[in-house]
Each structure stands twice: as C-alpha cells, then as structure tokens.
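So, here's a batch of structures to check.
Each of the next two complexes has chain A plus one more chain, namely chain B in the first and chain C in the second.
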Partner chain A sequence: MLEVVRPGLATTVQDLGRPGYYHVGIPISGAMDRLAARAANLLVGNPEDAALLESPFMGPELRFADARTVAVTGAEIAPKVNGEPRPLWTSFRVGKSDLLSFDFLKKGARIYIAISGGIDVPVVLGSRSTYALGALGGFHGRKLEAGDLLPLGAGAGASEGRTVPEHLRRMPEMPAKLRVLPGLYWHRLTEEAKQSFFEDTWKVAPEADRIGYRFRGGRPLTFVPREQPFGAGSDPSNIVDAAYPYGSIQVPGGTEPIALHRDAVSGGGYMMLGTVISADMDLIGQLQPHTPTRFVPCDMAEALRARAERRKLLDAIRAHLAA
Partner chain B sequence: MARTESRYSFGGDEHLFVEIDEEMSLEAFFKSLSVCTAIKEAGIRGVSEICPANASFQIKFDPDVIAPADIEAEVRRIEARAQASHRIATRILEVPAFFRDPWTTETLMRFRDRHQDPNATDIEFAARINGYPSVEAFLAAFTGSPWFVSMVGFVAGLPFLYQMVERKRQIQVPKYLRPRTDTPALTIGFGGCFGCIYSVRGAGGYQMFGITPMPIYDPQQKISYLQDFMCLFRPGDILVWKPIDREGYDAIKADVEAGRFVPKMAEVTFDLDAFERDVDGTNRKLLEALHA
Partner chain C sequence: MAKKEILSPLPGTFYRRPAPDQPPYKSEGDPVAVGDVVGLVEVMKSFNEVKSEVAGKLVRFLVENEDAVMAGQPLAEVEG
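This part shows the complex of A and B:
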C-alpha cells in the first residue's frame, strides 16, 4: 500500500497504454515519455509495462507501508527519502513508513516514479492507465488526491544503485526540436504558411497537458482560399470532422498549433498540417510551458531512421540493466 | 457528386489517413464504413486501430511490423476490391431529448461572449439562420427525421450525427466563435452539419440545444445497458429523437438510477439506394420498425 500525502499537480497512474478503442473515442493514454517510463520500471526490476506514477512539473509526497525499490526518471526533480536526497535514474530502497518527497523542478516536465511490484489498480480494457477526461482506468479514473491509498503488486524489487548512465537518457534540446512529417491537410496551407511554420520559433503555451500541447508566438498560418466543402464549417481551418492521429498538429483558426498526445481527442473538425514523428513524441512530454520550440520538417525515411535509433537506445538501456 | 478517388496521406510514421471525400455525404460515409470493415476482416499484421470517420478513415500501424508503403498498398487493394456496400444491417435507437433545458441554458448564458449572437440562445440562433419562423418549427425539423451515427469519438463514446434528409433540408450551424471551457454531460450539440451528444462534461464548440437523461458512456459499467461495453453507440447506428419535457426527463433519470431504464432499440436493414429514391418513405419504415 502506498499513501498519497500530497498529490502534486496532476499525478496519474500510467503504463504503456490502452490501444484498440480509439474508434470509439477512447485514446491510448499511458506514459507521455515512454522511454523514461520503461527505464524506471527496468531499474526497479518490474516488467516495462508495469503501472507507475507520472507527475508533471512537481513531485508528490508518498508514504510507504512496506519496503520497496523505487526509481525516478524523466525530468530533473530530485527525490528525497525522509528528507535525504537520492539520485535520479537510479534505483534506491525505501523502508516501511518512509516518506518519498521531491525537490523543485530543474529541467524537463514529467517524472516517472516506478515502485517494485507496480501500482496494482484494476486493469480496464487491457491497461491500468488513467484517462481522466473519460474517468477511466488508473485510480478511480482520476488524478491522485491527498489521502488516496494505492495498492501495490508483489515483487521482490531489484537491488539499490542500478543506474541508467547519462548518455542513455533522452531530454529535449534548447530550443526543443520536434520533427514533423507534413501531410494530412498540409495542402490547405499557403506556400508562405508552409515556410513560416517551420521557420518560426514557437513557445509552449500554458495549455499543455496529456491531451495536447498548444504552441504560441509564430506568425499566423494562412489557408489556400476555397469554397468550404459541405459539412466542414465556415472557417478555412475547418474540415469535415475526421480522425486525429496521435502527434497530429491542428491549427484552429490558423493561430495556435496544437500537437495531440496520449490522451488525444480522437477526432474533430480542424485541419491538421502534419504529425510529430513517433520518435519525438516522448520529448513533448518533457516540455515545460514557455519552452521555445522549433518544428523541423522530416520525410518518412528519416522518421523511420529516428524510430530505429530510439529503439536502439531502448535496447542499450535494457542491455545495460540486464548486465 | 462523390469523388471517385480517395486521397491517401500518412499521419507521421504510425498512421495512414484516407480521405474518401472532402465533403460529407452518406455515400462517402458508407464507403468509409465498408472499407474499414474489409480492413478489419483482412486482419493486416501490425494494425492496432481502425477508425472510420464521417467521410474518411484512419489506420494506426506499427511500422516495425509493416512498412508504410506496404500498408498503403494493402489498403489500396482492399479499397479497390471493397464493394461500397449500400445495404447495412444496423440498429435504430430512440434517444429522449429535453430541449431548452435549464442546464445547457445556464451554460450557454455563461459563454455568450464566445457566440455569434450574444442576444439569442443557441437554438434561437440556429432556427433563425436556417430560415425557420420559430424554435418550435426548427425542433419539428430537427426531430422529424432519423440521424446516422457517422463517427464515434472526439471523447469516449461521443456520437457524431448526420441528418437523414436531402441536402437542401439539412440543418447547418457554425460552431462557437471560440470553444467553451464547459459543456454539461449528455448535452445535445450541433456544429457544421453534425449533431452530437457530449458523452462527458468538458470543453466544446458545438451549439447546445438540449440534454438527454439517457447515459451513453459509463466507465464504471454500472448502467444496466452498458455492462457489455461502456460506450452505447457504434458507427452506422441510426438514432431517433424523442422530445420530452421536464417531467419526462426526471422520470427517465429516476428509471436509469434504479436500473429500470432500457433504451428502445430495434434491428433494421438500411438501404442507401432505397433511401435516395424515397427519403421520407424509407425513414417512415425505419420508425415503424422501431415502434413495432
């Protein structure tokens, strides 16, 4: 059992997600930074898809009812046990009645707190992930609150001091660079807008959560004039409501691009200009509001190369921790 | 006139997006639905999601299992082979609707600064711009024909509804100028040419006309008719509105809470060609099947 003393801002239970129900509007959910989540689980000796905690911008305070192995990965928010600092990306032991708390955020946006045995909330539609908008999965379908008692699974837990070396961790550059495959309704943009979207430096807006990340500060995007198709709606950024890919970037009214993430709305009536490639989705989860961000055009061959590289990084983490 | 060739595009390295047509039509929707069914039956390796939408569809795939070019080729082959079926076996469901209810009215009044016409309610605005002399006449048209569930999504279990009448009779209303940050759960909304039922409380940009007491999404699966699956609607369902008043609303809500409420529902076959030959006659037969 794990007692939530303070919940943080929006701490949720997540695993690697709930595929298969997007056609009825239930998104995949799961950790926004999957590489960090997998690494945290491996550090404590859990399966990579065990349920853990995701905390944006600020850590929670947690009290343990029994001895466990813990690892914290992702953003730089240093963990403490009974006030004593512990390293990030490294397994450590906690004892019965110990209090896990956190320092302030230094870098990145989300930490992943893995606990040996995993968070043992019920599996709903194949996953323990929280989809808060639909009040589904996780702990009662919502973010954690003070006083919540989380069930933990059984698991011996790996030993203390296992670590993922720095060269195997991945965090966004400054300014952040997100590779985008243009497509979907890209042809709706004017030549000028196609250029300015990739030329401008955007900033993460305060509206940045598990559903999507909004960006501000670039020049407004203009659309090729047309008579709007029947059913699309009158704004030139409108389309007949369609399915939205994860990572797709929509631009309502041409002003503020929104990149959809793991709790995406599954469809709607705004044109999408392209999609953040799968290899860079994790990076979005580590962006704080106001982070300057550049979108970088990329083709399918490069997207697949980047995906293979990310896979290699994960294999290297696995090999390092198996050794 | 429906377009003959679909447009293929990739949504990053994990999604294939296929636009059957730029504009909405029942023909495009039927094609999307039948191609999606054929893709599902084909059991293509690496596919994790098949999402039919109004006039398009989307496939999510694992490019480590199937190369993007290969899945495009497979889907193109399936699309070429798939008979755009004009007949589907489906369900017709009755949805009780309390129009101009106190809850959506209170909400729409809070967001007048985001609306095209701050001096009218959403339904008054919709009636006026569609040329109806009164809200009553507008509601008679709104509830006078069945609606197709042409897509499920945005959020969990939310049905997009397409009015089953000739295009010249179809209601069209723009979305809010800026989306609201709040919409009551089970609000009956409308935007573009689509109706919807908001399955959960949250943000929204569709005009608000009323509310239903009948839950359509239940993640706890405690509602008797949502115990098999937590979402009521599937693409291809046909919906009929049943106008109710406050008394009717309260009665159904009490029945739902007591586990007594069962949605009125019937199995039907819908034939698009017959519908296009005789819209009102086909709709009448659908209603007869519901009330049989």
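This part shows the complex of A and C:
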C-alpha cells in the first residue's frame, strides 16, 4: 500500500496504454514519455508495462507501508527518501514508513516513479492507465489526491544501484526539435505557410497537457482559398470531420498548432498539417511550458529510421540492465 | 549581507497578486520570512503559491507580473 501524502499537480497512474479503442473515442493513454517509463520499470525489476506514476512539473509525496525498490526517470526532479537525496535513473530501496518526496523541477517536464510490484489498480480495457477526461482506468479514473491509498502488487524488486547510463537517456534539446512528417491536409496551406511553419520558433503554451501540446508565437498560417465543402465550418482551418492520428498537428484558425498526445480526442473538424513522428512523441512529454520549439520537416524514410534507432536505444537499455 | 534568490518551483505564468483587484503579496523592500508567499505560478489551469525558502529583505523582483517563467528561474532577490 502506498499513501499519497501530497499529490503534486496532476500525478496519474499510467502504463504503456490501452490500444484498440481509439475508433470508439477512447485514446491509448499511457505514459507520455514511454522510454522513461519502460526504463523506470526495468530498473526496479518490473515488466516494462507495469503501472507506475507519472507526475508533471512537480513530484508527489508518498509514504510506503512496506519495503520496496523505487526508480525515478524522465525529468530532473531529484527524489528524496526521508529528506535524503537519491539519484535519478537509478534504483534505490525504500523502507517501511519511509517518505518519498521530491526537489524542484530543474529540467524536462515529467517524472516516472516505478515501484517494485507496480501499482495494482484494476485493469480496464486491457490497461491500468488513467484517462482522466473519460474518468477511466487508473485510480478511480482521476489524478491522485491527498489521502489516496494505492494498492501495490507483489514483487521483491531488483537490487539497489542499478542505473541507466546518461548516453542511454533521451531529453529534448534546447530549443526542442520535433520532426514532422507533412501530410494529411498539408495541401491546404499556402507555400508561404508551409515555409514559415518550419522556419519559426514556437513556444509551448502553458495549457499544454496529456491531450495535446499547444504551441504559439510563430507567424499565423494562411490557407489556399477554396469554397468550403458541405460539412466543413466556415473558417479556412476547418475540414469535413476526420479522424485525428496521435501526433497529428491541428491548427485551429491557423494560429496555434496543437500536437495531439496520448489522451488525444479521436476526431474532429480541424485541418492537420502532418504528424510528429513516433520516435519524437516521447520528447513532447518532456517539454515545459514556454520551451522554444522548432518543427523539423522529415520524410517517411527518415521517420522509419528514427523509429528503428529508438528501438535500438530501448534494446541497449534492456541489455545494460539484464547484464 | 548575503544575496539569495527565490526560485520558481514550476514552469508557467508568474503573478504577484492573489487576484487582479488585490494588492501584491510582497513589494520590493518588504521583509520575507521562510514560507511567505511571494507570488503565484499558473500552470495546467491551476494556480500554485510560490513560497520563499529564504528569509531577509526582498530587494527586487527579477521578473515582471504575468511573465512566462521556467522552473528553477530566479523570481526575486533577497538580502539578509
């Protein structure tokens, strides 16, 4: 059992998600930075898809009812056990009645807190992930609150001091670079907008969340004039309703691009100019509000190469921790 | 007299007043005790109090009201 003393800002139970229901409007959910989540689980000896905690911008305070192995990965928010600092990306032991708390955020945006045995909330549609907008999964379908008691699974846990070396961690550069495969409704943009989108430096808007990351600060995008088809709204950024892929970038009114993330809405009537490639989706989860961000054009061959490299990075982490 | 800084614990938008029609939490020259609220940071649609971890005299604010701040950014200078 794990007692939530202070919940942080929006701590949720997540795993690798709930694929297969997007067509009925239920998004995949799960960790926004999947690599960090997998690494945290591997560090404590859990299966990679065990449920853990995701905390944006601020860590929670947690009281342990029994001894566990813990690892914290992702953003730089240093963990403390009874006030004593512990390293990130490294397994450490926590004893009965110990208090896990956190320092301030220094870099990145989200930490993943894996606990040996995993968070044992009920499996809903194949996953323990929280989809807060739909009040589904996780701990009662919501973010954690003070006084919550989280059930933990059985698991002895790996030993202390296992670590993921720095060259196997991945955090966004500054300014952040997100590779984008143009497509979908790309043809709706004027030549000028196609250029300015990639030329301008955008900034993460403060309202960015698990549903989507909004960016502002670039020049407004202009659209090729057309007579709006039946069923599309009157704004040139409107389309006849369509399915929204994960990572797709919609631009309501042409002003503020929004990249949909793990809790995405599955469809709607805004044009999308392309998608952030799958290999860079984790990076979005580590962007703080106001982070300067560049979108970098990318073709399918490069997107697939990046995906293969990402798989190799994960294999290297697995091999390192299995050794 | 050592100079100390109050750092933002969160990324977001910094506010010096609890509400637009109320006076600021602290003005330059005011004494500050550990735990005193010096402002708010708005992020993810929630407002979070910024509490001082240092004591002394608030010399000056290093960011403007409603400025965008990143986590760890110095918000104010304290002497004492």
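The working rule: the second predicted complex is superposed on the first by the 323 of 323 C-alpha atoms of A that agree within 3 Å, B and C clash if a C-alpha of one lies under 4 Å from a C-alpha of the other, contacts with A are read in each partner's own complex, and residues count from 1 in each chain.
Operating definition for what follows: a residue touches a chain if its C-beta (ideal position, glycine included) is under 8 Å from a C-beta of that chain, and two chains touch if they have at least 3 such contacts.
Since this is a predicted model, take the numbers as computed values, not measurements.
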Tell me the contact category for A:L105 with respect to chain B and chain C: first, second, both or neither. second
Once the structures are superposed on A, label A:Q288 by its partner contacts, choosing first (chain B), second (chain C), both or neither. second
Using the superposition described at the top, determine whether chain B or chain C touches more residues of chain A. B
In the complex, the residues of chain A that touch chain C are 9-10, 56-58, 104-106, 109, 203, 206-207, 209, 288-291
List of chain C residues in touch with chain A within their complex: 7, 9-13, 42-46, 48, 68-72
Residue ranges of chain B touching chain A (in the complex, touch as defined): 9-15, 17, 19, 21-25, 48-58, 60, 63-64, 68, 151-158, 160, 167, 172, 174-175, 191-194, 199-200, 202, 217, 219, 230-231, 233-235
Spell out the residues on chain A that touch chain B in their complex, using ranges where they run on. 19-20, 22-26, 124, 131, 133-137, 141, 181, 183-184, 186, 229-235, 238-243, 245-248, 265-269, 272, 274-279, 300, 303-304, 307, 311
